[in-house]
Amino acid sequence: MTVVVQNISRPDPATVAGLAECGVSTVHEAQGRKGLLASYMRPIYAGARVAGAAVTISCPPGDNWMFHVAIEQVKAGDIVVMAPTSPCEDGYFGDLLATSLKARGGAGLVIEAGVRDVRDLTAMQFPVWSRAIYAAGTVKETLGSINVPVVCAGQLVNPGDVIIADDDGVCVVRREEADGVLEKARARTAAEEDKRRRLAAGELGLDIYDMRGRLAAKGLKYV
Amino acid sequence: MTVVVQNISRPDPATVAGLAECGVSTVHEAQGRKGLLASYMRPIYAGARVAGAAVTISCPPGDNWMFHVAIEQVKAGDIVVMAPTSPCEDGYFGDLLATSLKARGGAGLVIEAGVRDVRDLTAMQFPVWSRAIYAAGTVKETLGSINVPVVCAGQLVNPGDVIIADDDGVCVVRREEADGVLEKARARTAAEEDKRRRLAAGELGLDIYDMRGRLAAKGLKYV
Amino acid sequence: MTVVVQNISRPDPATVAGLAECGVSTVHEAQGRKGLLASYMRPIYAGARVAGAAVTISCPPGDNWMFHVAIEQVKAGDIVVMAPTSPCEDGYFGDLLATSLKARGGAGLVIEAGVRDVRDLTAMQFPVWSRAIYAAGTVKETLGSINVPVVCAGQLVNPGDVIIADDDGVCVVRREEADGVLEKARARTAAEEDKRRRLAAGELGLDIYDMRGRLAAKGLKYV
Amino acid sequence: MTVVVQNISRPDPATVAGLAECGVSTVHEAQGRKGLLASYMRPIYAGARVAGAAVTISCPPGDNWMFHVAIEQVKAGDIVVMAPTSPCEDGYFGDLLATSLKARGGAGLVIEAGVRDVRDLTAMQFPVWSRAIYAAGTVKETLGSINVPVVCAGQLVNPGDVIIADDDGVCVVRREEADGVLEKARARTAAEEDKRRRLAAGELGLDIYDMRGRLAAKGLKYV
Amino acid sequence: MTVVVQNISRPDPATVAGLAECGVSTVHEAQGRKGLLASYMRPIYAGARVAGAAVTISCPPGDNWMFHVAIEQVKAGDIVVMAPTSPCEDGYFGDLLATSLKARGGAGLVIEAGVRDVRDLTAMQFPVWSRAIYAAGTVKETLGSINVPVVCAGQLVNPGDVIIADDDGVCVVRREEADGVLEKARARTAAEEDKRRRLAAGELGLDIYDMRGRLAAKGLKYV
Amino acid sequence: MTVVVQNISRPDPATVAGLAECGVSTVHEAQGRKGLLASYMRPIYAGARVAGAAVTISCPPGDNWMFHVAIEQVKAGDIVVMAPTSPCEDGYFGDLLATSLKARGGAGLVIEAGVRDVRDLTAMQFPVWSRAIYAAGTVKETLGSINVPVVCAGQLVNPGDVIIADDDGVCVVRREEADGVLEKARARTAAEEDKRRRLAAGELGLDIYDMRGRLAAKGLKYV
């Protein structure tokens, strides 16, 4: 029941970097509008945009013992993803754990619970996406698991999947689909460039996307 | 059922500018505490304060097709107000639509749903008040209407009504009442100036507003 | 039923200053994980960290009359704590009351309701923790009480208790326990310093806290 | 600002009775999916299904004075619709007001706030749809208005509009559209009868509605 | 920190029985509109109305060990009141604990967390007011306290205070105020009897309470 | 992207029947406290207890077209599990679909969205667990998938997994683990029988489970 999986496959770092550059909204569209975590997962400060391989934690409610176990499993660039086994907003993670996770190369945290010491985390520029900011501490009494599949904020996250997170929220991309998604995301970004230029010049989407005929066919009336 | 109303009456631009200067809280008081949208309508970044005539959109849930139709109807200084026909937090609006809306002179967006690309929108300083930040995209399959009365976040908004929005939230003023409300709001602002000065000097509201007698009459006891 | 208690005992200012320095999360841990207000109490702007003696207000819903009564009772460094007698998110407090409260030496406000004029409050750097930002005004018709025990956001607050508030939220410390809590909070801060240094150097919590044996005894398996 | 409108136009009682028989979901579909109040409006007991002309109340938060004024305006079969001017869950209405309202012929209450004495109301079989059940009482200090347009749970309700309410929630139909909506609702009910019979016999919607071709055209794959 | 207080003062059983008869809404009014728990505390089945002395439990989140300790402290007619030290909706209590609590004379449970086996509890007619129905189990690892003051759903509850609970929610009355509150509640009930009869006969509250003059004085206009 | 998987493995009907008998809370404990859907999934009427193999639907928000496709895939005893691809509370399912699903042998519905016609569904005794009751209709424009893994109310559900649902909520058991879980659930039920009898006779859990020593060792003090 409680297990630490030590060897997980990680995505290609170049792919991860590419996905970070594209951002959550573009990646989400590029992979067919799937993998988006619930909107209550918000960054503790604005402006961060990261991607990384998921190291997952399944924790009991109110017990953060497994964070210490998880950090040993983290490699440079990983993002820790934590989901409690029942709903909890306690502050599992603060500046000491962030110091440790950062020292091991961790690139961020996505946590369906609370986080604390957000002033320090902001000063360290250690990015966290959480469900709550809450100072309530936790105990270290009950085991959980590391690197098992978890459901976090409504999405299945497997260890080694790619997590992309920015001001729009958090998206997960399956490790084995990451290269394909990146390709589509880049194509999308490129295609948008021309449209953005035309829209900025005052052209209408109605004309650029040639929508007038289909709107009329559906019955739109101008009065 | 689905219609685009092309000619709407707009308020006097000078009135609109005056209301923007007064801000949401003062305008709300000045018009007798009505017209305030629900508190879940929050700005995507702090510090914006705008006013404009409402161009309204009624959209199906998860379908942003009508935004393209709406933008053609926007004139300089207008604020787009969107309400879905059933509750939805999808990201109807992102940086491409913002580029287009801004190019046509749009001054802001009030949306009872989600918005995305908030990092880009912040960089563009295009102000949005929304119910959620959420990257989930939408389809373009079903029609809605433009410039019909909508209920947005608990308030009726008619096309051409004045929308005032800042860090306190969003308020709607009927077009035909706008001049009178501005007058009262300015009077209020002027009257507050003297009170602010006296309060800042340490005088008490109890004395400035002459409250002690009425408090005693109501039965307040000091112990 | 309605009463203004004029003489309350306040904690030692040096203790209060010390607790402010330690911050909410450390103080909450130091006093045995009690006294934390609900996580929906959020600061209106980031970065403030204050502590002060509580001057409490119990108000009817939608009626802010007692704020004027309370301000007369405030001494330099106090923090006003307001709880309505039934749930309400109206904007009880804005820039005029803030000007008055600041002029009397008030150090902040904790309010289980709404607040408005947040742009002005931010410009004044007058810190507020609230449940909502909402422009809806209030009346002055019904009495409440000043400096009686109130339950605010799930915690009992007595007049004269110490309130600590920062980006992590709000914590209350009983006046008579404040010196002991400060001592423990400082010890905790000192003890964390060494751990932070070791964690920053890449040492693992597993080793620093000597957890491996106990984890194995509980049955943790590595695969 | 505060006004009691005494003469309102009411819909034809036969139309109202017909709409009650059709129920909320059918009426909502029949009028083109509009007019549905938010899903948080729930009946205090299961099984009631009523319709009536709306007598509207706009109340200050926490003040139920206007209920007494409203009851004088109620005619047999009317449904009272109350919306507070800012969000409130206080118990505006209990068994005494229900006794009075029932005695005057009132058929039900729709209230975007709290209600109390629900055991008595259930025993009386006086149907109420509310946002909350909450015993908190209210004061009688501030005026509101009767029979003005209100926004209740996200929908505009004019005095004299038809309210239909049952276990599915609450729907409003414009008075002047009521006859047409009833016709469509009855047609819909009739048309469903045949479909229900065929579906009950095990025929598939795929075949009854002839969907297979369009699904294939859209790209549906069976594996 | 963790303590079991064994001797608590309980209210007079006749007073408790009298308060049960009056019900939550009447008692809440009678004691000046205080002591009402938040509206999210709902009964698991309709129709129960109980009162009893509070035996309080303060539990860690997700840990129900202290329930076993509490049950030994329960005397006939007591109501157990549980508040977790941080928010939690786990199912602390099910049919085995209910069997045990009932066997010891416990009259009900008020719990700011989850409850499970609600079908069995309903069949047993063991009344529970809770924040959630949730099957998630709990551990038995960490201590809490019995019969200390707790804040439950926004209200302070001392051991031995009177809890009244019915379909309207839950109200707490201070033990030392219980006799006085009962007297006022009974007076209120008696006074309402005459009003109910007159209202049922069609008389208006406007006349019974003589409101017309004051309404006019406040400026109410009939049109 | 959109696919209908026609052949899925189903669990042994005897196992399914056994799990239904044990109920959600017992099954959830028996499988190590996993698989429980979020507490907002509530039955539309009290008293139902069912189990069945999951036939899953992934739908776009506000589009119920795939229900018709799904019903063809249902075999006797199956439970349909629907999760929208972004949050939605529209009423996807009403009495016509229920008539069809029941005619094909469907045993229930679990839907992370809205349902309507609940009076009819109750009369038919067709059990549904949903996030909302809401009459808002849906369109039939966009495809989804049948019998793919979905995340519903925070839990991964694979087609063919066992769904158990009753008044406590909804739990999912992996198909391949179902036999083992049933064995443990039955053992648990048997073991509880003796405890229930002893507890009903007034014996304390403290003694039955031999807790006094461990409580004392942890430091519990009686005063």
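In this document, chain identifiers A, B, C, D, E and F correspond to the written order of the chains, with residue numbering beginning at 1 in each.
Keep in mind that, in the parts below, a contact is a pair of C-beta atoms (placed from the backbone, for glycine too) under 8 Å apart; a residue touches a chain by one contact, two chains touch by 3 or more.
Source: prediction; values computed, not measured.
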Labels of chains that are neighbours to chain B and to chain E: A, C, D, F
Distance between the centres, which are taken as Cα means, of chain E and chain A, whole angstrom: 43
Gap in Å, rounded to a whole number, between the CA centres of chain F and chain C: 42
Chain centre separation in whole Å, for chain C relative to chain B (CA means): 31
Residues within chain F bordering two or more other chains: 33, 36, 39, 85-87, 89, 134, 136, 142
Touch relationships between chains, expressed as pairs: A-B, A-C, A-E, A-F, B-C, B-D, B-F, C-D, C-E, D-E, D-F, E-F
Residues on chain B engaged by chain F in the complex (per definition of touch): 60-63, 85-90, 134, 136, 139, 141-142
Partner chain C, residues of chain A touching it in the complex: 2-6, 45, 65, 67-69, 71-72, 89, 91, 94-97, 99-100, 102-104, 114, 116-119, 122, 132-137, 140, 142-143
Touching residues on chain A, where the partner in the complex is chain B: 23-25, 28-29, 33, 36, 39, 42, 46-47, 49, 166-169, 171, 192, 195-196, 199-202, 204-206, 209, 211, 215, 218-223
Touching residues (chain side chain A, partner chain F) in the complex: 1, 32-34, 36, 38-39, 85-87, 149, 151, 154-156
